[in-house]
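Chains here go by letter, A, B, C and D, matching the order in which they are written, and residues are numbered from 1 within each.
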Amino acid sequence: MSFDFSTQLGDKRFSNPIFTASGCAGSGKELAQFFALEELGGIVTKSIMMKPRSGRATPRMAETPSGMLNSIGLQGPGIDRFLADDIPWLKSQNATIVISIAGESVEDYGLLAKKLDGIPGISAIEINISCPNVENRGQVFSCHVDTAYAAVNAVKTNLNLRIPLIAKLSPDVTNIADIAESVHSAGASGVALINTLLGMVIDTNTMKPKLAGKTGGLSGPAIRPVAVRAIYQVHQRLPQLSILGMGGVASGRDALELILAGASGISVGTATFGNPLAAIKVKNELQDLLIEKGFASVAAAVGFAHRDS
Amino acid sequence: MINKHARKIAAEIVSNKRVGTYHHMVFEVGDLAAFVRPGNFVAVSVGGEASSMILRRAFAVHRASAKTHIGGILELVVAPHGGGSKWLTSLPNGFKVDMVGPLGTSFGIPTENVRALLVGGGYGSAPLFGLAEVLKNRGSRVDMVLGASSAAKIYAPIEGKRSVNSMTITTDDGSAGLHGRVSEFLPEIIEKNNIEVIYSCGPMGMLAAISEIAALMQIPHQCAVEESMACGIGVCMTCVIPMKDADGVIKMQRSCIEGPVVSSERVIWNSNGKIPAGTWGEL
Amino acid sequence: MSFDFSTQLGDKRFSNPIFTASGCAGSGKELAQFFALEELGGIVTKSIMMKPRSGRATPRMAETPSGMLNSIGLQGPGIDRFLADDIPWLKSQNATIVISIAGESVEDYGLLAKKLDGIPGISAIEINISCPNVENRGQVFSCHVDTAYAAVNAVKTNLNLRIPLIAKLSPDVTNIADIAESVHSAGASGVALINTLLGMVIDTNTMKPKLAGKTGGLSGPAIRPVAVRAIYQVHQRLPQLSILGMGGVASGRDALELILAGASGISVGTATFGNPLAAIKVKNELQDLLIEKGFASVAAAVGFAHRDS
Amino acid sequence: MINKHARKIAAEIVSNKRVGTYHHMVFEVGDLAAFVRPGNFVAVSVGGEASSMILRRAFAVHRASAKTHIGGILELVVAPHGGGSKWLTSLPNGFKVDMVGPLGTSFGIPTENVRALLVGGGYGSAPLFGLAEVLKNRGSRVDMVLGASSAAKIYAPIEGKRSVNSMTITTDDGSAGLHGRVSEFLPEIIEKNNIEVIYSCGPMGMLAAISEIAALMQIPHQCAVEESMACGIGVCMTCVIPMKDADGVIKMQRSCIEGPVVSSERVIWNSNGKIPAGTWGEL
């Protein structure tokens, strides 16, 4: 039996369903010693903003049971430098590129879209709307249906490129399916689920928050049940919406779990910190598992856990 | 290329001995040893199969030898501190740990003979002995100063002591060597031995103090910095410290790939918990 | 130096700050073989409803990395039987009793309050509002400020007993401090933070959700960073509100972390499944730690991580 | 009192041997052994100090002996299946595991001699050998039937075989003994040996099938049920199965304290995934 390991997000096809997670693969260069980037379905770049950004002060991380907190604060060189330095290099490696963008205002999202419009060789845009909106008391865009809509709509209306827009959502909301519905109506053909959960660790020696930024984002296997639930809920409500799933995936089994819940693609994030080859391991194990279970394609497995329900 | 030579291997423990409050651990690492330079570190998985500790722990390479009778070996000095290091130091010989390395920058070795001072704090002395060997082999004079809070926390193996021209020990509580902090005694030692370059490794506070002295006395100083690392390979941006780049612009730079060994005048010291004013893209 | 290990929730004093967590200590009887119940600050009973309830079908649990999912579905004998059977026994053990109640409607909460009104020897009521509201499409009460208010207000207005009301909140909301503010204004003098996070595990063998109830509540060390964050946020907004903290506490260090964030009492839940003596272990370790750090009382440590901020 | 005699102890492994696909493990448990009855189980912590597996694993006691030359011992038969059991079966002698027990109900032993049939599936045979000993000591005749998917999954130690009056093996694939499922052969064995009581332990499907036969043939049947357990001591309500109480009311009852050994006619079989109609407080 032939097996089709390719997958689709929006109307774009990718060679296989394993991607890096934004912010967890550097610029790609750091991983190239360990494997060829073109082996993955895609490289999702770290979220890039309009201007250079120092990010937060250190300490920026704390390990937690089966997880970690990070508070990077979207450090980066700004979109211009990023497009000049990182993108050409990724292209030289034949990597499939998904660009993640993040704004501090609705206007930012529109401007970022315009910057990307001329650039060939981008396969999709991940719109990170899980970041603070300076115009709205620092509340993150994805926390409310209206701000989520506005950010995605700003990208949609400022972009002529016909590539999938994938809105990345925060799980820290009362009803994630409502947010997904809203970004879908704003023009996203996919959602990335989930970004980190807001958490905090207090250092019992200093008796202060361990991170300089006080709160941080919780990621890793600890949050996988939350990711599976979010993906399941969104796929149930909007089966036509593509889902790029992530949250604690470290093995083929984990990736399969998210696919059965409704994800068409999988990003590997924190697992790469524990194992530079994690994404390749996940890819190989997932392929074996899908074949072993008798699926003819990735698509056949997407949302399979919803049957008879 | 970033992380050039780095690989993920199963490193077998061939020796694990308690030395003072530390464990001296020897691993069989095959070919990998040949690529290790003094100052590099390795990142080790901890806790076993179903571990709740998902991140690697970084350890400075104490020494690496490419050609022993059992092949390439690598030595670490590990302080049993929290869950990860306690697990590691409790392992029996024969156990294979999951190791990624060599990682990070290494100490710059001058092409000419120099009079070098190596300063270590706590387990920070570990990488200095490998460095001392290389410097000695190049014909340099090597003086060493090791400091710690108390005697048990000085890591100074006998063969290591022999390989340097002079060894000064300091302890905060006076339980061994000179009573006081390393930095108090440095100016005198530097003067006396006509030191031309300083290499250091230890707690950030100590490195900052040495940097101040080195700057005042206008002596080049390379130090191995340490900041909490999640990945060790440059992909996570957790391990940054504010450092000047080639153009003098202060940027939050990754200590795992731009470091751990850096030229001390690049570092903006005592900035833990804040972004120094003037940093590029300052938040 | 003398050390005061007692603590206060609302205007009630408890001998020490360690409690069981609702639903994690059975009726108390099951633990009595392992330690004397009176050693704890209080026994929080499993949430009791008006009528007998079978709870959900099995499987009801799935282990997850550093955590677990449960979907018990509030199984219980109903308030009348509970008051007749369980309470007298707990009193016979000199246990300090905190009764947890749960309703399916606002009316239920009022009726439950009336049932409790005549009963002597209850030290506090934990109002579990993290349960589905049948009158509102099964959305849980604590998800919205108005339904949270209504449930707590129903208890307040139907109760003459002057004991602390502690509203137990779900972390699955966009802004937990808003919910806390709302229940405080409805008459709660404390909040219990946090209930479980909604999660799901898919069994990759059967390729269906592992729990019969599909989703379940995530508890254990995995969620501790979320608990610490929630407690920190609520204490920051409402320092006068007592917090009974819970979520992955398994050691004195963990308890201290939640106390530094702002909790005055600590419930030990899932840890008891791994160690029947967990609550006693936490209690002893916490006392040692507080003394070692030089605190003269529990109160002195509550919210200590907020200093200079 | 619920969980009477249950304690949390450090149980040292004194033997760990692979037998077919299982591990036979012996633990030193001191006084605790004296309180263990056939059918009881113990709950063991798995994964070590920093384990991501936070729940204990339940194991039926294979045998307990209060007075051996090394004191009280307890034996388990463990199938290396997932993370927890693989960790446990990989441990060396001398390792101390954290164990809570004895837990749950035990098989009821008739005061008079009976002709007993013991039926086990997979590792479900484990508790039956301890039970067989007790029954034999009381002068009962004991026949045993063990089934599994294939030969390697039959756990039947030689001394165990000797201690019963007859031993029938069945395998689904015919790789050992009779070809087929245990239940297919039961009516004949029951008739032939004039069985008066059945004891069983194994997968829920097997127990359901045996229960049907026992009901039809009107033979009392005690079985040890198994449902996912989080706590093992009755505090979590995860392990419930629908069972009739003394008044015939169906309730979701805890298999860890009302069971694992229950009278089979109390159980509402094949209800996994649903609440049987008529259950008290039916949702």
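Here is the rule we go by: contacts are C-beta pairs under 8 Å (C-beta built on N, C-alpha and C of every residue); 3 or more make two chains touch, one makes a residue touch a chain.
Predicted model only: the values in this text are computed from it and were never measured.
**Student:** Which other chains touch chain A while also touching chain D?
**Tutor:** Joint contacts, listed by label: B, C.
**Student:** Let me have the rounded angstrom distance from the C-alpha centre of chain C over to the C-alpha centre of chain D, please.
**Tutor:** 35
**Student:** Quick one: chain B and chain D, Cα centre-to-centre, how many Å?
**Tutor:** Averaging C-alpha atoms per chain gives centres 55 Å apart.
**Student:** Between chain A and chain C, what's the gap in Å when you average each chain's C-alpha atoms?
**Tutor:** 34
**Student:** Show the residues in chain C shared as contacts by 2 or more other chains, in ascending order.
**Tutor:** Correct list: 62, 65-67, 220-221.
**Student:** Multi-chain contacts in chain D: which residues touch at least two other chains?
**Tutor:** 52-53
**Student:** What kind of graph do the touching chains make: line, ring, star, complete, other?
**Tutor:** Graph shape, chains as nodes and touching pairs as edges: complete.
**Student:** Could you list, by residue number, the parts of chain B that touch chain C in their complex?
**Tutor:** Those in contact with chain C are residues 52.
**Student:** In their shared complex, at which residues does chain A touch chain D?
**Tutor:** Those in contact with chain D are residues 65-66, 221.
**Student:** Provide the residue numbers of chain B that touch chain D in the complex, in ascending order.
**Tutor:** Chain B residues touching chain D: 46-53, 83-84, 86-87.
**Student:** Please name which positions on chain A make contact with chain B in the complex.
**Tutor:** 23-26, 29-34, 46, 51-63, 65-68, 70, 72-73, 75-78, 212, 220-221, 270-277
**Student:** Inside the complex, what are the residues of chain B that reach chain A?
**Tutor:** Spelled out, the residues of chain B in touch with chain A are 1-6, 8, 45, 52-56, 98, 100, 227-241, 251-252, 257, 271-275, 279-283.
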